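Note that subunit A is present in both complexes that follow, paired respectively with subunit B and with subunit C.
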Partner chain A sequence: MRQFFPVEDLARDERFVQTNMAERLADTRNPMEPASNRKSAKSRSAGNRLTPDRPDASDRARGLMHGIMVGEIQALEGAGRTAHDFEAGDGSGDTIPFELKLDMARQAWDEARHVEISAKLGDWMGTELGEFQENTVLFEAACSNDPVLRLAGVNRALEGLAIDVFTQMKEFGDLAGDPYLEFCEDWMLADEVTHVKMGSDWLRKVTEKDPDRRTKALEFQQVVDKLFSFGGARGDHEESSFKLARRFRELAGFTDDENDTINKLGVDAFNERSQAVKQAQDAASAFADA
Partner chain B sequence: MGDTTTTSDDEAPSGATAASTARAPFAPWDRRDLPGMFSVAETARRVGNYKWTEMKLFEALGGWIATVPELDIKMRLGAHCYHHAWHADLWNQRLPELREMKPERLTVPANDAIVRFIAAMTEPEAPELTIEKLVGVYRVLIPRFISAYTYHRNNTSEITDAPTIRSINFILQDEFDDWRDGEMMLQSLITTPEDVQRAASHQAKLETIMVEAGGITGPGSIGGSSSDGF
Partner chain C sequence: MAALVAGQVSVDPAEFTQVKYDANEIAAIVGSLAETLGVSNSISLVVDETTLLAKITCSIDAPSSDATILINAMSGAIENTKHLTTLGVNQTQTSVGRMLLRARDRMRADFAGAGADDDLTLAESAAWDTYCAGRLARAGIEINTQRWRYNHRNRFGFSNAGDADFERLWAADELSWSEVVAGIADI
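What follows is the complex of A and B.
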């Protein structure tokens, strides 16, 4: 078995259809709608956030749950690879501490349970496996040759995103009167806080005497955080689909400054995406006029 | 405290006769025995071999998760990966208690053949080789773990080495459960005569190397190499 495993080779059965982040970002269809375009900008149900009173709530919830499930599959694969890819050692070079390997194995078990939970929830919501595309970006972040970048990209950035998403899904379950969904999301949320804290603690420990490596890892985390802002879909701003779950993030080791930075990344990404959408719309109008 | 005077040495304050609390150090049903076959150094050597092999196993299971397309098997590998990591952790904690303050010094394979066994077991990577991956773990390595742990548990001192026995009992529970999971996954995958041949051929290849190794702790893994009556 190879030491490092490329994302292109991820093993799936024939039901799964994969895409990657580059393809997804290149697609400017279905842009997020600015609050100013809506009839009632203050109404949560009129926003991008998932609420039960939206006409498309069922399909969006099903799509989101499927996205969570494939994300959990990749998180399982990524944690397993980190347990495999690096020898036990002092954390320098191609080694990671023995205890970090154990934590990654523990995370693999947790993620396996999350796949089981989300597969059952998807079935409960009426979704077929493979009904929606699988974006492989999570595993891409787990492919770095530097284990510290994996901790920053997966455990802090992506598992941090999972905290935001699960908090929202838990709230959605509550509002929709679905205790089954709320119960499951609550449990998964507990695990995600643990994984993010694991990432925060190990990142600090492994880079304790290597500030350059830490800086590089935190920069990588920001790149992943921005990618996963989905064009501004996450943050405290009104147009966001996912609100930052600041309390849980704090439990997981994020500082206020870090959460503020993630929020700003979301705002910036939203503005960039709005501009790209406008350019696409202008180009389409010009083409139609010509 | 109130009145502490008593009527006599044999009488409780209530007036009833006090029963003696003097008992034998071992209750009649406690048949644990003191002698064991392993010294501290031999126990530490075996525990170091267990830890090394459990580590190689959890690393392999973790690495394979991304390579198997069968969703249910992917998830089982994730769960089993942690089981074996936990076993490695238990042995890592036991080593300093056996006077090895640098556990990594004894975290070694029993011999070169075990190293070759692990290399051969982890060689299959392609997505269509799930049978080979599972055969190596669940039909060769885990049965060897079960036998080595059982031999150790049944031959070590039940009193002086109780901590090792306690760990082995927890670990054996996992090993039996995981072996059953793995065997059932294999039975669900092996559906044609060609599959049977693939599984048997791969098992024979790995078993041959394991026999050369003499088991997880080398010759004597389940006895037979000294004066234990074999």
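What follows is the complex of A and C.
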């Protein structure tokens, strides 16, 4: 069986259309709700968070749920690849401990279940498979040749993002009174915390005697975390769409310092994105005035 | 940038820079849609391409049958969600179609009590959307019923009563404003 699948070779049927982070960031439209459109600065819907009291709540929830579903597909593919791509060994070089392979196989099983759950939630919410573009950034983080980078990029960064998103989606379901959404997200969230914890534990264990490799892995995680901030959509700041689920992250092995760093990456990404959007808007205005 | 005027429809801007929309194509879709829905009024559609959000609102310049329909759409309201920054035909039909039906409702005397779109409560807006989407489906526009059922449930509760209100509105024609929002009392 073939090893090391590039993102271009992911199998999808004709319903799915894929995009990547570069294309998404090339979209210069403002993704944030203009302050002038907000009814009350004190309202829960005053910011960009997904809450039931937003006018576009159900459509936003549908789009996010579809994003979760394709993310689950890619997480399944990533964990499956890691279980298969590397030989069993002591963790040095291109080998991974056999027990790590078992954990990746278990994760793939979890993700397959999550795909089914998410697809059914999509039906429940009135979304068709492939209705929204699929961003392949998640699988791209799982394509490294170093298994430790995959642990950092997929289990810690990707699954860490899942903790933040699932926590918000669970809260949305709870507030909206949607019995299935709240219930399903809660169960999937429990799995995600386990996946991140596996990544945290194996990263420490495999790099125990190789501090340089650990440093590189954590640096790679920061790069991925910044990408997963989607231009500042995640973080503790008021304009973010997703709040860091610090308590669950702590349970999954993130330290306070690590969470602070991820939050700062989100703020940096937000500022960079805001600057880029402003430049694009100015250019568009100049064109319209011409 | 001046608006493009094609038949009864004007689209502003005439040329887009941040999205790959064609004002002629938008005007053609809206014109055909208006014909399908039996709306013969002049229509002015203003698209805000600076935001990817999907809010859309409408108003009429006078409460009469020959009123001009004014529609303000953020670019996401008519976007192809499979190919971002490109125009979505079904998205345009669904979003603008709802607004055309709302505008036509507003021309009726028994809708005098309906507030401006920006002043509607979330429940009022959801009830009206259900009423409009049901009529669009019967007019032959491709509509995902479950999407609108979910939207209705988010405002009227995940309950048998909420679902019954959805079915009432979905199947209805010729309702008055008070009949559209009758289910709100039961929330």
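By definition in this document, the second predicted complex is superposed on the first by the 279 of 290 C-alpha atoms of A that agree within 3 Å, B and C clash if a C-alpha of one lies under 4 Å from a C-alpha of the other, contacts with A are read in each partner's own complex, and residues count from 1 in each chain.
As a working rule, a contact is a pair of C-beta atoms (placed from the backbone, for glycine too) under 8 Å apart; a residue touches a chain by one contact, two chains touch by 3 or more.
Note that the structure is a prediction, hence the values are computed from the model and not measured.
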item	value
First (subunit B), second (subunit C), both or neither touched by A:1	first
First (subunit B), second (subunit C), both or neither touched by A:184	neither
First (subunit B), second (subunit C), both or neither touched by A:262	neither
Touching partner for A:64 - first (subunit B), second (subunit C), both, neither	neither
Partner chain in contact with A:84 - subunit B first, subunit C second, else both or neither	first
Which of subunit B and subunit C A:130 touches, first, second, both or neither	second
Partner chain(s) touched by A:13 [first = subunit B, second = subunit C, both, neither]	first
Interfacial residue positions of subunit A with respect to subunit C in the complex	17, 19, 23-24, 27-31, 33-34, 37, 52-53, 55-59, 62-63, 123-128, 130-133, 176-179, 280-281, 283-284, 287-288
Complex contact set, residues of subunit B against subunit A	55, 58-71, 74-79, 81-86, 88-89, 92, 104, 122-125, 127
Sites on subunit A touched by subunit B in the complex	1-2, 5, 9-13, 73, 76-77, 79-85, 88, 98, 101-102, 104-106, 108-109, 111-113, 115-116, 119, 129, 139
Residue numbers on subunit C that touch subunit A, as the complex places them	1, 13, 17-19, 49-55, 75, 81-85, 122, 125, 144-151, 153-154, 157-158
